[in-house]
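Every chain is named by a letter (A, B, C and D) in the order it is written, and numbering of its residues begins at 1.
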Amino acid sequence: MQQHRELTERQINTQLLNGALATPAWWKWAVIGLGLIVLAGFSTFGYMVNRGLGVTGLGRPVFWGVFITTFVFWVGISHAGIMISAILRLTQAEWRRPVTRAAELLTVFSLITALTFPVIHAGRPWRIIYWILPYDFSRGVWPNVRSPLIWDPAAIGTYLTGSTLFLYVALLPDLGNLRDRTTGFKHGLYTLLALGWRGNSRQWRLQTTAGILLSALMLPIFVSVHSIVSWDFAVTPAVEGWHSTIFAPYFVIGAVHSGVSAVVTMMALMRWLWKWDNFIRPEHFDALARLLIVVGTAWFAFTLVEILYSLYSLEGQELAFRDMQIFQWPWALLFVIFLITAFFIPVPAWLFKRVRNSIPLMFWTSISVNIGMWLERFLIIVPALSRKQPFVYVWGSYHPSLVELTLILWSLAFVGMNMLLFARFFPLIPLFEQKESQAFSSRVQIGRASVPAVLREREQE
Amino acid sequence: MASHISTAPDHRPTFQESASQLIARGRTSAPASPARLWIVVLSAVTLVGVVGVAGRLAGGFADRSAWGYYAAVVSFLLSTAGAAPMVSIAPTLARASWVRPVTRVSQLFAAVGVVTALLYIPLVFALPPLVEDGVRRRSIWFGAPSLTPHLWGTISVLGLVFIGLALLWSSSIPDLKAVAETATGLRRRIAGRLSMGFIGTDTQWKALRMRIGVLGAFYFLFLVFTHIVFSADFAVALVAGWKDAIFPMYHAMTSLQSGLASTIVAAYFIRRFGRLERYIELDQFWAMSKLLFATSLLWFYFFFSAFIVFWYGRTGSDQAVIDILIGGPYRWAFIATFLLSFVIPLFSLMWNPVRHSIKGPTIIGSLILTGMLIDRIRIYAAAWSAEGINDRYLRFVPATHWPDPWDVFVIVGAIGAAALAFLLATRLVPAVSLWEIQYMRLLTRPVRFLKGHAFIIAKPD
Amino acid sequence: MVMPSQEVAAHSWGMGVDIDRCTGCQACVVACQAENNLPINEEEHFLQGRSFEWIRVERYWEGEYPNIKARYIPILCQHCENAPCEPVCPVYATYHNDQGMNVQVYNRCVGTRYCANGCPYQVRFFNYWEPVWPETLRNQLNPDVTVRSRGVMEKCSFCIQRIRRVRLQAKSDGRAVRDGEIQPACVQACPTSALVFGDLNDPTSRVSKLKNNRRSYLLLNDTLRTEPNVYYLARVETVGTGAAHG
Amino acid sequence: MARKSILGLYETPDAGANALDGLHAAGVEAHETEVMTGTPYPEGAFGEHVPQHRLFRFPAFGALFGFTLALLYTAGTQLAWPLVTGGKPILAVPAMLIILYEFTMLNAVIFTVVGIIFESRLPNLFTKAPYDRRISEGMVGVVVSCEENRAAEVEAVLRRAGALEIKSA
């Protein structure tokens, strides 16, 4: 059910570059609005650094709260990029084409936002920045390589560098295209960025090889990043809710579930904002939704196995912790909301073809998944900390303060603003992928039926 | 756009050629063909296995540690033969067309499931009940009646075999119809009755394809359930202090790897002895070796995410697992598995020429199968010989339990019986599914794109 | 794998806590807060869960009204050999030194609070607010102990300043440290001498005798295997000698 | 003899393919011609010379470089400052494995990208070879670099194949 119309290359150029060459009317107001929230966030951070962490709701024993939840949430969202562009590029799925660059972009910006949170939540941020980097020759103060907090920057740094370079290499052909379409200062800028791209067969061949090779390299990195983030929690023996071996794959599947839903949300927004109806079609939402059903069910299976095995040894602490997390106020309410929004609304809804093909329904179900996934991380981190071993007491549970909520809002606005700024200078949908899919797709006559077909390259006989 | 595509010479076997070659081979196979010779040899080996099982039964169920190797063999067969159909189910659900020639090879492993089911029955009696003289031991069934693990273990293993056979049968109905038309004597009667009056009307084809899809998806869900139940009851529950949430997923993941390996090895032998070189081509082996490489990486990933949590945590239960499974009496088995299942596949399959060949994945696949057998021996021999099942932690690490002659007979006999069951199944149903080959031939066509060579693949859905 | 240098450490400081002697008078808590410049615990800090008690007395009630019994256990940093808080610190702000103690280096700590998450005894405290003393109390601060700023983790250090002073004194006198010569603030202040400090490597020291006492046990060690260096001695229950109560 | 490069612009890919056939018939070697397109056509679609690239060498070298870098960083820092933490050995191998893996993959990716840019001869901003804006709008450009004296013959072949425009530099 390929529903696209044949477009000439010139039409593709004009439609897809409408965001990059001209300034859409709504763009200015959107950037200003988001910019204000970002400024509010920065000033709140300044206030917190000045007054100390007392302004947040943290205390003893809940030392980690909403900041680390949002950190894990944004690392989870960043897994959409590689899941869409790497895995689907390796399996040559046709429906990845309009989304690869936007997904990688979401990866890069959500990783940058994720990296800011460990700095924000630290007691002395001005020291954490340079003490994690292994450069301190003078005082012989080296980072402790056995600490998961050193694995984190290594993994996220690798993933961020890899994604940014992957994004740039895949952007080269479109930079050449933009260089040809612009004049004056912008032409100079794009000429410099396009490194003299001419589009000869050698460069195209390397583009396809690069796509396959970089995807193959980025895939193991993508799996390792969220495993390492989960080992921040899994390795501590004292916290019952955390010390479980299934955390690594459980977090990775959860990241894919929340990441791909974020891409679906973004696709719906892109289609609505830039009017790319020819390129982001209902069949893409349908394919992504079918993928999400499998990923969502796998993630839910991992959740159940984790809870099953945490109760398995019937030790007093574990039972008390699960009882608190699932049945006691206020965690019980959050647990129910989490289950409904992350699994019981979206996944059954996606089973119906009508839901999968309607863009607004897909938009709202994917947003509900991400609300649920944020709650899932919150319910893993905070209850486990507030109810550790017998000697840990807490009157009144942890509740986030206004400062923390502002900084969460800041992170959403920060990612949104960066995406809009990028979209102003570079096309969000790769032009050459659209043209390639036009050149490769054709129709095959089998009896009376004219069936859409795809072309696959074959080595020379 | 479509103007660039021009027809190219198509020298793949035509409909009549492939029909006669695949179906008739069963009827006109001359007595000197290797199949009959192999059947005699394998049935002798199976007899050895029966002797082994009888010897084991004579030893009685009192001494639990005697049944360690027996449980390892049952888990080995359940894992390899159980997961092999997944090799055809997953790509078919993902609508990949490369898998069509090997779908029948992977589904034929359901016949091996019969051997697994027969071997499984004595094991149920060897498993200690949940409540023994008033003391309830630890298990994932918590407060359930005493024989629940035995009941659910049997349901899961027999259910898996049943669904596997149903999948094999329903996907081979068209071929059975073709066999019934050309075969004589007993084969004709059996094939005729089994093909259930399939004529090939449009509705029958639609129903057939829908049935295969549903059975495939159900098989996948049931496989994960079986691995959770079998690994939890027959391994984890028997060792005091082994609290390892990832073990069921490790058990399922390693079985996917060995299922792939067994499909590759079986496809190699069928290709050579059945002279089917023109049907199971290099593309199938290439795609499967990519998956083999990916699952070998996943083997290390699942192992390491458990090991890092145990190594870092050092609590009582962590130390118990490392002592008995990795560092303790079965250290040699662990090192052998580590080399065979991860190091050798990693450093060999990472090279393109090895992956892009037919012999490469077959050799690596057989190494992975041996590694898998040793891995199961390491886990089950250790689990079944651990004392003090109701202690809080493993007080005393058991000595290495070396196999006695009955165990060796059972292992050799089980593998022989599995090969025999597979071979007998290929006598009734053609080893390469005729209707999928012809369906693939209908959908794909070699073409010339301008001057270059390419393939057109129609995507009807 | 290179194992750490296993030659016998010169000293392995440890502590004995005799629950039977402890009356729950909290003298140790007050002494510790005075000795180690702990910030002033206002009531509001207690409610926010940000109070500082390097050593605290946990109180449990046993029995039903009317014959209720209070039980007290002083809990301080156990200086575990296999500490869950040490390997997770990214900047080596806390590690296990050759004296068998878990040291906390204040100027290296960047405040990720990961160590406090890992501690099962909850004996690590974080400076959420900048500690501030009224003018009059300024000169009451102990010069040997650094005053921590906000954003830094702190915990019981076995009064390392006192250990250093005695060891330097012993070194300059050219003699070994005598048993009982080093007394942390809490040990010194305890009226019933329930707290004993000494060198676990020296078999003749009082703390080694307490360690080998029949009544000695370790907190949370059989499940978490943290191998603490603080040995607790169980309470002695007088069971039903004639009179109805008891 | 100075070498000239001549660009022939063609409306459709078929015209481009015919132009290349004409050039090969006229005896121009394969490596002297360069086909420029706006979209990635399958290999050899224009019958042009399929270039061999040695890209796979870069990630291998990068991985090796990253591994040694990480080995220095992890083992070096642990031995330079041997502090016992949590009863773990000084050279904690499982923790090192993670950092080794991350640095290996990081450098493999970086070297691959450098390899891609290098292999496609990219940073050539100041080349004289002719180029036309409309190539990125779907037209096909065929560039031939040949000797001065053969320039006229090559232009004739390009024009006969239906070139929209001929440029030379």
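By our rule, a residue touches a chain if its C-beta (ideal position, glycine included) is under 8 Å from a C-beta of that chain, and two chains touch if they have at least 3 such contacts.
Keep in mind that this is a model prediction, so the values were computed, not measured.
Peer 1: Ignoring chain B, what connected groups of chains are left?
Peer 2: Take away chain B: still one piece.
Peer 1: Identify the chains in contact with chain A as well as chain D, in label order.
Peer 2: B, C
Peer 1: Hey, which chain is the most central one here, using CA centres?
Peer 2: Minimum centroid-to-centroid distance belongs to A.
Peer 1: Quick one: report the Å distance separating chain A from chain B, using the average Cα coordinate of each chain.
Peer 2: Chain centroid spacing, chain A to chain B, equals 35 Å.
Peer 1: Calculate how many whole Å lie between the centre of chain B and the centre of chain D, each centre taken as the average of the chain's C-alpha atoms.
Peer 2: Chain centres of chain B and chain D, defined by C-alpha means, are spaced 43 Å apart.
Peer 1: Compute the distance, rounded to whole Å, between the mean C-alpha positions of chain B and chain C.
Peer 2: Distance between chain centres, rounded to whole Å: 57 Å.
Peer 1: Spell out, as numbers or ranges, the residues of chain A touching 2 or more other chains.
Peer 2: 141-144, 146, 150, 220, 235-237, 438-439, 455, 457, 460
Peer 1: What residues in chain D touch two or more of the other chains?
Peer 2: Touching at least two other chains: 41-44, 46, 56, 81, 83, 85-88, 92, 95, 98.
Peer 1: What are the residue numbers in chain C that touch two or more other chains?
Peer 2: 82, 84, 87-89, 92, 223-224
Peer 1: Under the stated contact criterion, what part of chain A meets chain B in this complex?
Peer 2: Touching chain B from chain A are residues 1-2, 6, 91, 94, 220, 223, 227, 231, 234-237, 243-249, 301-302, 305-306, 308-314, 438-439, 441-444, 446, 449, 451-461.
Peer 1: Please give the residue numbers of chain B that touch chain D in the complex, ascending.
Peer 2: Residue list for chain B touching chain D: 3-4, 304, 307-308, 311-312, 314, 352, 449-454.
Peer 1: Residues of chain A touching chain C in their complex?
Peer 2: Per the stated touch rule, the residues are 51-54, 58-64, 118, 121-125, 127-128, 131-132, 141-144, 146-150, 232, 235-239, 315, 385, 388-396.
Peer 1: Within their complex, state which residues of chain C touch chain B.
Peer 2: Checking each residue of chain C against chain B gives 82, 87, 222-225.
Peer 1: Can you name the residues of chain B that touch chain A in the complex?
Peer 2: Of all residues in chain B, those touching chain A are 1-2, 4-5, 94, 96, 138-140, 142, 224, 228, 241, 243-249, 297, 301-302, 305-306, 308-310, 312-315, 317-318, 442-443, 445-447, 449, 452-461.
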